[in-house]
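Please read through the structure below; I'll follow up with questions.
Order as written gives the chain letters A, B, C and D; numbering starts at 1 within each chain.
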Amino acid sequence: MKNKIKKVGVLTSGGDSPGMNAAIRAVVRACSYYQLEAYGIYRGYEGLIEADFIGLTARSVKNIIHKGGTFLKSARSPQFRTEEGQEQAYRNLIEQGIDALVVIGGDGTFAGAKAFGDTYKFPIIGIPGTIDNDIQGTDYTIGYDTALNTAVEAIDKIRDTANSHNRLFLVEVMGRNAGDIALNAGIGAGAEEILIPEENLGIERLLESLDRSRKSGKTSSIVVVSEGDQIGKNIFELADYIKENKKDYDVRVTVLGHIQRGGSPSCYDRVLASRLGVGAIQALLENKQGCMVGINHNQVVEVPFSSTTSGSNYIDKSLLKVADIISI
Amino acid sequence: MKNKIKKVGVLTSGGDSPGMNAAIRAVVRACSYYQLEAYGIYRGYEGLIEADFIGLTARSVKNIIHKGGTFLKSARSPQFRTEEGQEQAYRNLIEQGIDALVVIGGDGTFAGAKAFGDTYKFPIIGIPGTIDNDIQGTDYTIGYDTALNTAVEAIDKIRDTANSHNRLFLVEVMGRNAGDIALNAGIGAGAEEILIPEENLGIERLLESLDRSRKSGKTSSIVVVSEGDQIGKNIFELADYIKENKKDYDVRVTVLGHIQRGGSPSCYDRVLASRLGVGAIQALLENKQGCMVGINHNQVVEVPFSSTTSGSNYIDKSLLKVADIISI
Amino acid sequence: MKNKIKKVGVLTSGGDSPGMNAAIRAVVRACSYYQLEAYGIYRGYEGLIEADFIGLTARSVKNIIHKGGTFLKSARSPQFRTEEGQEQAYRNLIEQGIDALVVIGGDGTFAGAKAFGDTYKFPIIGIPGTIDNDIQGTDYTIGYDTALNTAVEAIDKIRDTANSHNRLFLVEVMGRNAGDIALNAGIGAGAEEILIPEENLGIERLLESLDRSRKSGKTSSIVVVSEGDQIGKNIFELADYIKENKKDYDVRVTVLGHIQRGGSPSCYDRVLASRLGVGAIQALLENKQGCMVGINHNQVVEVPFSSTTSGSNYIDKSLLKVADIISI
Amino acid sequence: MKNKIKKVGVLTSGGDSPGMNAAIRAVVRACSYYQLEAYGIYRGYEGLIEADFIGLTARSVKNIIHKGGTFLKSARSPQFRTEEGQEQAYRNLIEQGIDALVVIGGDGTFAGAKAFGDTYKFPIIGIPGTIDNDIQGTDYTIGYDTALNTAVEAIDKIRDTANSHNRLFLVEVMGRNAGDIALNAGIGAGAEEILIPEENLGIERLLESLDRSRKSGKTSSIVVVSEGDQIGKNIFELADYIKENKKDYDVRVTVLGHIQRGGSPSCYDRVLASRLGVGAIQALLENKQGCMVGINHNQVVEVPFSSTTSGSNYIDKSLLKVADIISI
């Protein structure tokens, strides 16, 4: 059966992540390579509903592979969760002649894609773009590696000042309900303790651990705290609690915040985005749909949208053990 | 009169800043060059009181010029403000045979140095080391240039995500009561508005300005807020106020925090630190004391401690005008 | 007399430097602020001769303050040195209604501007944009500070590997006939020796100095070599000479090259570019012409083109002394 | 059988790579965790022969995880390839009571380890530390990810200036006989062509490809050239050949050189180094020897030294295809 796809729309949705531009570029250039037309859709599903389209050629996406953010802009679209919203989006696609979509984003993006694709039998391929690395079926998501480097570089700077003053720093990193950023950035930054959603150390064991660090001769400490951790206090309350219970600690808090979403993507994220962008178009040409292209042991794979999310996050126990050992 | 100085102590005090290590290195190597002995004093005036000294040679300070923080560590010392504390510090110096001090820090450090030097007729030279650039008599303080670059690089990353989502970001930078970091980082980062302690724009004018930005076609905005600004609300309250009064704004807050104190010093800060470190020893050899070595139009100058602080901070009006013009 | 200027052309010429985009942005926005029309001219004087113009508004220059290079592109134009070339350029300007020019570049650019402005009585303001810092009448040129940081960061990386292997590295930096980059990057990177055009150490003294370094306990060394140095051998020949005469040295060469021209501008360069861009338009509005706007002790100043170049480069002797002392 | 290992020596050998310090740290801290004594051996096998040992505790390796290079220094040791050298090394180990070795390096290092371990029945575990990623049996080697980022950041800077001048840049990257750095950095940097050892494009096809790039509207080009490429000309000769055959090309050459070996390791390399360092000690405790610990699909694995090298390098054909498509 000959593949009928002629025009492909591409959009970025949800929280932006470094490498999204590289992914768009790869999608557009793969379209060009395989002689398909490419259309950019602005602001995710919002732009789909508002028919905010732009024709893209191989030259339109020059000089963006190294840029953070997404030039197509991103948004969350409550309207796309309604029947009317989806209906309008479908009409716009038909009118424009777009016969397939590539959506770059996280689990919310994929849920929307699955619902829309199922209802309208519309071919959609997803590309995992989020710093949180919380998508099942792919070893890595686009932006995660860059966010790790951004977090680690920031904590390196904080350590300079922590060391100069014999201080305890609590540093909050992103990751929503996934501890991947905290655990890996914590190991990479040489943190004394790492608080992640997947494992509740308990506040008393944290204090004991800090005491042990002191006794072992450490004069300053970094505790990396995932934004989704389960310790039951936000990071400022946690700092207050420590100050109350450990009078001699000079405790400071830094919330790294949105710097983790920006910045020029790392080489890994650029290459990953390039592979998945090309892979998405190749999948469409092979009549695949309703799935994400991900990376599995360095090979591009296709995973049905239904298998991309899961209730409980996987955390590598051996990595927790490594974190324990090297912070001795 | 022949100079009698034989042993020089060097310490870092107050908030640490990038380039302090480069300054210590220059002090120690200048001692070596001029055949003086150098002693490091740990944790600022604390270490002076506790006689926490270490002999330093030219080789002791190798491989530190590029490192943030201060390997001598820094602290604030309430005890050094007491007569007993100063008396003890003096006895320790005499006992160790140290006959001159170089102190690296900000105005608090210099105030302590002045009091001590006046009381005990002890030769002290100050070197301005603070990211805040709030010392009179020197065009730049060590660490300021690096902090500007750190702030601007962080805001560049935030702008990636601001642009991707059409958001308004409030970004708090350091600087205590001086607006230099906010004003220069704000200009450098292309901020739409900059709130500094030296000029109270007023909250209503801020809202008007944001409206004007929108009307001129800007889809995202960065407002850089100095930690010492006079708008009468902290940055989170300010965000809430904007959200209440501008319902359609998607407002986010980032407090850059202590990353601004760390990091590898910029070339400018390394060269400045090297010049002032050498200049401090040369000043001692010329029997100067009770003064800071600073930089004035690219020349090393000596400024009495009494002229290094001032009630009101100077802000360059032409720079405010530039900020206004280029954010049009 | 009322100022008649209505349309301003802006171009970048000669070697590009980081911050040129920030300068263009400031020129365009100052035009907008003072209600002048702005035109970009592509590829320097080439585009002037070919009438390659583009209208620019405040929004055209958004999101470029942090980008290296120049979006107007740059070129060297032999044709502009001919009478015909200049004549054609003048006709194009008249035809387009452009009544003043802002040219961003180095001494070659200014020489062309002076010749053209004198011949056709055409108002031109220059802005110093070059990494070499070799323009008289301004303390700093746009791009110089960034190039220093790029060089120092690169040499920091080289030092990692030099230290790991007890090696001698010769590192060539840019600067044409000016030693500013080499001298400052050399001090900032902790180089053992620095070879600059303004001072010929002599090859034998270099060998002696390296010997002294060894004897003082240094196990690895960095020698920073300016591309315009006067030692009489290119850097590869120099390496060979050292290897022949010092058999036990493990000598390596790195030519930093064009990475020094690119990269996101430092905060200093962005602010400087913003100030000079605004200053250029303000100067035009005050009927100034035939001059460069530069920075002198942190104030914007105007300097006639005839005073912007000079036969012999100035080098601060005290800085050479500092370099000597801190490499002990 | 109870494990008898009590004292572990660790060394770095061959070309240094970012993350070696992180690996040493993990080895030493894992020793501390499992109550083994750790000894550092300076300058690789050289220090083994010269008995240049140092006792290391958990605190000895603080504050090094983020540092490039190797504080134990590295060297190549021709003497260790002789019977006498190995004999002397063995005597030193016995004398010091060291009963196992962890060697961090590349294939040369592992070859030496295999020979020594086989002859003296001495337990040795290898850790792959090289930027070249040319070790079989591990998906990644320590330092490779950092080198990619360093290369890509440098090429980003070069692209700024390439774009400003419509130039063709030839950029040489490291990698010895492996094209991994060139291929991945080339994709990540958006290179138009990539020359690697594993695939000889041929010089005429390169020229054709550059012509096609021009015709497709590209005004500047980057060609990434692996140091081990098979095109038959070194990079300067290649530039000359292009200039002769394509008169209108403005061709420049940059050899990135040793900056690729240095720099603060990426988060990935720090985590990888931490995992493998811990894994090496765990392997020794399980009586493993004569093998490398590597990473395979994100799991630590053990691979006999005999399987870590191979005649022909593997290159992922799908990645070559991606490179082709996205440079359209």
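Quick note on the criterion: contacts are C-beta pairs under 8 Å (C-beta built on N, C-alpha and C of every residue); 3 or more make two chains touch, one makes a residue touch a chain.
Computed from a prediction, not measured in an experiment: that's the story for all the values here.
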item: Those chains which touch subunit D and also touch subunit B; value: A, C
item: Same or different contact residues where subunit B meets its copy subunit A, judged by the half mark; value: same
item: A-D, C-D or A-B - pair sharing over half of the B-C contact pairs; value: A-D
item: Most distant chain from subunit C, judged by the mean position of its C-alpha atoms; value: A
item: Between the pairs A-D and C-D, the one where more C-beta pairs touch; value: A-D
item: Whole-Å gap separating subunit A and subunit D, where each centre is the average of the chain's CA atoms; value: 28
item: Whole-Å separation of chain centres (CA-atom averages), subunit C against subunit D; value: 36
item: Of all residues in subunit A, the ones touching two or more other chains; value: 156, 159, 163
item: Graph class of chain-chain contacts, one of line, ring, star, complete, other; value: ring
item: Listing of all chain pairs that touch each other, if any do; value: A-B, A-D, B-C, C-D
item: Interfacial residue positions of subunit B with respect to subunit C in the complex; value: 25-26, 29-30, 32-33, 58-59, 62-63, 65-66, 139, 145, 148-149, 151-153, 156, 159, 163, 184-185, 187-190, 216-218, 264, 266-268, 270-271, 274-275, 277-278, 297-300, 316, 318-319, 321-322, 324-328
item: Residue numbers on subunit C that touch subunit D, as the complex places them; value: 12, 16, 18, 20, 43, 67-70, 73-75, 150, 154, 156-161, 163-166, 169, 252-255, 257-263
